[in-house]
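There are two complexes below, and they share chain A, which is joined by chain B in the first and by chain C in the second.
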Partner chain A sequence: KKFHKQFYKLLLGVSGTSMEKNITLGSAARIELSCKLDNKYSHLKSPQVTWKRGNETIGHISKTKNSWSIQLKILDNSNLGSYSCTLKGEEEISAVFNLQVPKIGGKEKPIVSYEGDTAVMICESLDYTPIAWTWYMTNGSEQIAINDSLLADKYAINRISANVTHLKILKLTKEDDGVYWCEAAFELGKSKGKLKLKVLSFMVPLKPFLAIVAEAVILVTIVFLYEIYSKKKEKHA
Partner chain B sequence: SFPGERKEEELEAPAGEKSSGMEAAAGGWAWGVVFHFFLVNVLVMGMLKTFGIFFVAFQEEVGGSSEQVSWIGSIMSSLRFLGAPLVAVVCRRLGERPTSIIGAGLVGGGCLLSTQATSVPFLCVSMGLLLGMGFACLYQAAAVMTAKRCRTRLAFSNAIARSGMGLTFLIAPFTQLLIDFYGWQGTLLIFGGIMLNLVPSSMLLRPLRARPPQRSSAKNRARGCLMAKEDPETLDGCLDETSPGETQLRSAQDLPTTEGVMTVHGRDVSGPVNMSALEGFEKRPMDNRSSEIATEAKRSYKSLPATEKENSQPLLDFSPLKDPVFGIFTWSFLFSHLAYFVPIFHLVARARTLGISSMDASYLISVAGITETLSQLLSGWVADQNWTKKYHYHVAYLVLGGVTNLLCPLATTFPLLMTYAVAFAVFCGGFMALVLPVLVDLVGVQKLHSYLGFAAFFAGIAAIGGPPLAGWLYDYTQTYVCSFLFAGACALISPISFFFEPSAQKWKLKKANL
Partner chain C sequence: MQAKDSNPPDGGYGWVVVVSAFMVMGLTAAVLKTFGLFFVEIQQHFDELASTTSWITSVTIAIFHLGAPVASSLCVRYTHRAVVITGGLLAFSGMALGFLGLNMVWMYATTGFLQGLGISFSWTPAISIVSHYFSKKRALANAIASAGECAFAFTFGPFFQWLISQYGWKGALLIIGGIQLNICVCGVLMRPLASSCLLQAGHSETETPLGNGASRIDKEDKSPITQKTFNWMLVRRPEFVLYAIFGLLAAMSFFVPPLFLVPLSYSLGIDESWTASLLSILAMVDFAGRLLCGWYANLHVTKTVHLLTMTITLISTSLMLLPLANNYLSLAIFTGFYGFFFGTTVAVHITVLADVVGMPDFDSALGLFMLIRSTGGFVGPPLAGLIVDMAGDYRAGFYMAGATLVLSAGFLVTLDQLQQRKERGIQTNTKPEKSMLPYSSLHLLKLQ
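Our next item is the complex of A and B:
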């Protein structure tokens, strides 16, 4: 399999003492990360720049005039993480590259539905196509995978397109209220999105509705009575 | 006639009290009608505008492609216009108040029924059809009642009522809040309840008093004359009024210079009226009290002997379609509606493509809304001053609005776009406020139902075609610029028909004289 090489660069010493770059990888890739020294350090005779991942130092640094780079083959989850280049000197100046899987956005606002009704929860990952989707529901502090073939009359998972998944929950009850997770499996790892479901009973909106209807009825009565009153007044006049 | 007159003087005293009471009541009821129309505007337009928020919720839960779901909104807003001729018939049969109550019931019922929706076709009927027809009923009844009750201040009252649309910007966040709390079904339930509030306000549409019987007509006439004692012009009118030979021709000739209320009598064969006298009456910037007196007097004139023909209009009255004045009005109405709706749809989108954030874009909309409301009020007030014929203002606003739209593509930064939005809102508010008064001027109040019905029908065709056309323009040219140019062109085409108004009136006169 041939991969295109991706290049990422950071300038050392530009703003503050540490710089960060987040790199999202949807699938396996070849990456070259390089750190370039800013001009204000050009006076240094032999600058020392080291590359580290976590605490391990990485060898095989290729150095050109002012930049230090490493070549990486990212093939699975273990290759992801934070890679940093550090300039040794009076102060340590470093730049960090964060290699990560794509994040799934959940919904912040809860999805509101009613008892006995159906709720549809949607998760999507538009920029990167996941290999598979899994849904979890939260029971206490545990996350339990939802098996829609086992509970076919309650749950239905549909993959609408490669990037979008729907979880349909039928015959809602109060117990279905809570937090749900949709997990996307990518070549390089998994990523979760959070969704909240709120299940209400019919009484909840019914109360304001009845209040408003009562108010309307009262107004109708008032106008009606006023009309009768003014008609009587006209008759007597 | 002397003994007769003395008798009438004796009747004056109790009649005087009664009439002042009735005048006050009439003025009060006119405000009630304006308030109801205001409420209708707020709720109807609010519902139509917030449909977009429901759109997303429907799509997720009920399923269906975005095209299918947008049909619901289209049916809802277009039926509001297309249903008008049918509603006009119902209104004439049952009266405005029952029609309005039916409309409120349809809207409330439709909202409640929609909470049970499980599919898009269901929603099309429950939300699209029921709400659309309900809106048409409410709108037609309220508009015609306003025209009937507020004779002198029609433009201003209409503008006040329409300013209700300016408040609709509050409804959108309110709807969003409700949806976050109760979901779309709960929100629709609550909206149904709110719409039911239109029932008590519909009851404010008190029917104008029926024609007084023959005997009291003389008393009314006398009262009208005696009330007007301070006003020498009208006193002349009262004394002059007898001759049955008083020509309609003369009254019709006054048409181009008076408010169209006078054209009412063009249809009645009995015309023992001196129009110019009443005209003088009307032109005085008095409040509704005087207009009620004039109405009373006029009505009593109508019921005088000579040849009194009953209003024998057929139930579905197609005569507006044969009237050139109607053609003029509808042409203008149609194009001006196209010119109004399209930029509104695409203003935010255009702002986005120019890189303006959605917060700033929503400021554009809010500012435009507020400006439009203020401009409507000002335009209505100015038109009521009667410095010139109302449709001259209408034409001026349309032309200026068209020019503004044509210049819009030049607005590429936020300040420029804001300037465009404000200018557009000013001119739109101006011409929108005058639509009903201009129609009343051209056509009169008696036939208003049929004319308004059919005019709204044609506007409905524009309303259906407008957004898809605009969307197609965007898809074809990949820029929103064309929508604004199109709207500008429409706005400039629309007033052309008014240039034919004087010749159309002359044609009508000739026809009437034959």
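Our next item is the complex of A and C:
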């Protein structure tokens, strides 16, 4: 397999604050991370920059005039994480690269549906194509995977396109109300999105509906009666 | 101004009718405008394509236009009130049955067909009866009534979204259906004018051609009985034809800017919430434009045809300038101008129709005018889409809309010239020709 190399750079400059960059990786890649020293430090004779991942120090650093770089081969989940370069001095100045799997957005607003009806929950991963999708429902604090071949008359999972998945829940009941998760499996790891389902009974919208209908009927009757009354007044006058 | 149904109230109960029409506008046109919020929900629920789902709105708009002449002829036979109440019941049933949401075809039949028919049967008579109730203050009355659409559209946006988040799209449809039942309440308030039916028969004979407005000489030849049913003779009248063509071209242009404003805004790098604020600005200035134009037209300082020509010219100028916008502020300003002049045009164009054809034929004219206008509305957006695709830029759509409006203004100017020529013709011919026309003896008798 041939990988294209990706280059990322951060500037070590402002003291006190730390610079951070989030890098999303959809699949295995070769990465070069470099930290460049800001011009205000060019007076330092022998600046010391170390690269770390967590607590481990990374050995092979290639140094050019004012920048320190490391070459990384990201092949699986264990290679992801936060890589930081630190300039040793009176104050420690560091920059952090966060290597992560693509995030799946869930929906903020709950999907509202009715008892006996069908609900469709949709998850998509726009920029990166997952290898597989899995759906989970929440039972208390546990997440249980949904097997649509086992419960074929209740659930149907369709992969509409490479980046979009649909979970169809048939014959909704109150128990189906709750939180659902869609999990996308990428080469380098998994990522989850949260969705909420609200199941209402027919009575819920029916009450305001009947109230409004009653209001309309009452108003029509009032206007109608008033008109008959005023016409009678005219006739007698 | 022309003389109309003898003694229209021009006030009094007429204002009740105006408020009632204001509400009907809101409960019909504003609901249609805001229906787009249901689009994604319905599409995802039935797992259909966007184009298939958009046919719902296409059906609604198509039935709305096709139903207009039917509604107007029913008005003449059965009174405006009855037709509005029928419309209210149809619209209510459309939305309420839509709640059952069985399948896509069901949605076409309910939220498409029934809703469209209901809106048509409510909107057309409501617009019409306001013109029947007023003569001198007609422009103001029409403007106030039409402003209902803007006022309601402004609040329905956030309201419908809240309904959908609380009750889901199905529950929201049910509740909106219930709200539309109030159209019937407004309908009951629209008392038929006792005068209009009785006196229309003798109307054409007693009419004296006045100084301004279209001449009535050509009307004298027709028998008064044509008032009862749909008046197809309208197509023989050049003024009506000119005005209808104006309507067609204007309609071609009117649907385009709202369609392309949002994509143009995104292409300039303006984000979602700021773009939504542009639409709110549009609704607000539209409202202001309608009211202001109604008030101004009411002063009778300018002839309504001239006023309409001016507003059309101003819209087309705004549309031609709009593509120059390159950031939010300039886009908002040009959108404001466009929305304002759009409001002024809408406020006055029905009054102009009444001035062009006169009140006895007004109902038939309104229905026919809406039908002819609708073809423009169907052709406009696809044509604009084609032009935008060819040019590769949304700005081209605005240029096209502006150009079409300039063309339509040409027809207005021709109409005005025709009317002025006829007036001059009457004024020079009045003395000698009066004795030669057949109705004159009857005319003299009636005056005594």
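Following the convention adopted for this analysis, the second predicted complex is superposed on the first by the 234 of 237 C-alpha atoms of A that agree within 3 Å, B and C clash if a C-alpha of one lies under 4 Å from a C-alpha of the other, contacts with A are read in each partner's own complex, and residues count from 1 in each chain.
One rule holds for everything that comes next: contacts are C-beta pairs under 8 Å (C-beta built on N, C-alpha and C of every residue); 3 or more make two chains touch, one makes a residue touch a chain.
Because the structure is predicted, anything quoted here is derived from the model rather than measured.
Of the two partner chains placed by superposition, chain B and chain C are both touched by A:224.
Of the two partner chains, neither chain B nor chain C is touched by A:144.
Of the two partner chains placed by superposition, A:152 touches none, neither chain B nor chain C.
Of the two partner chains, chain B and chain C are each touched by A:200. In the superposition on chain A, A:237 makes contact with chain B only, not with chain C.
In the superposition on chain A, A:208 makes contact with both chain B and chain C. The contact surfaces that chain B and chain C form on chain A in the two complexes overlap at residues 109, 111-114, 117-118, 120, 122, 200, 204-206, 208-210, 212-213, 215-216, 219-220, 223-224, 227.
Within the complex formed with chain A, the chain C residues making contact are 44-45, 47, 96, 99, 101, 164-172, 174-175, 177-179, 181-182, 184-185, 188-189, 191. Note for the complex: chain A touches chain B at residues 109, 111-114, 117-120, 122, 200, 204-206, 208-213, 215-216, 219-220, 222-224, 227, 230, 234, 237. Contact residues on chain A toward chain C in their complex (touch as defined above): 109-114, 117-118, 120, 122, 166, 198, 200, 204-206, 208-210, 212-213, 215-216, 219-220, 223-224, 227. Contact residues on chain B toward chain A in their complex (touch as defined above): 14, 17-18, 21, 25, 60-61, 179-183, 185-187, 189-190, 192-194, 196-197, 199-201, 203-204, 206.
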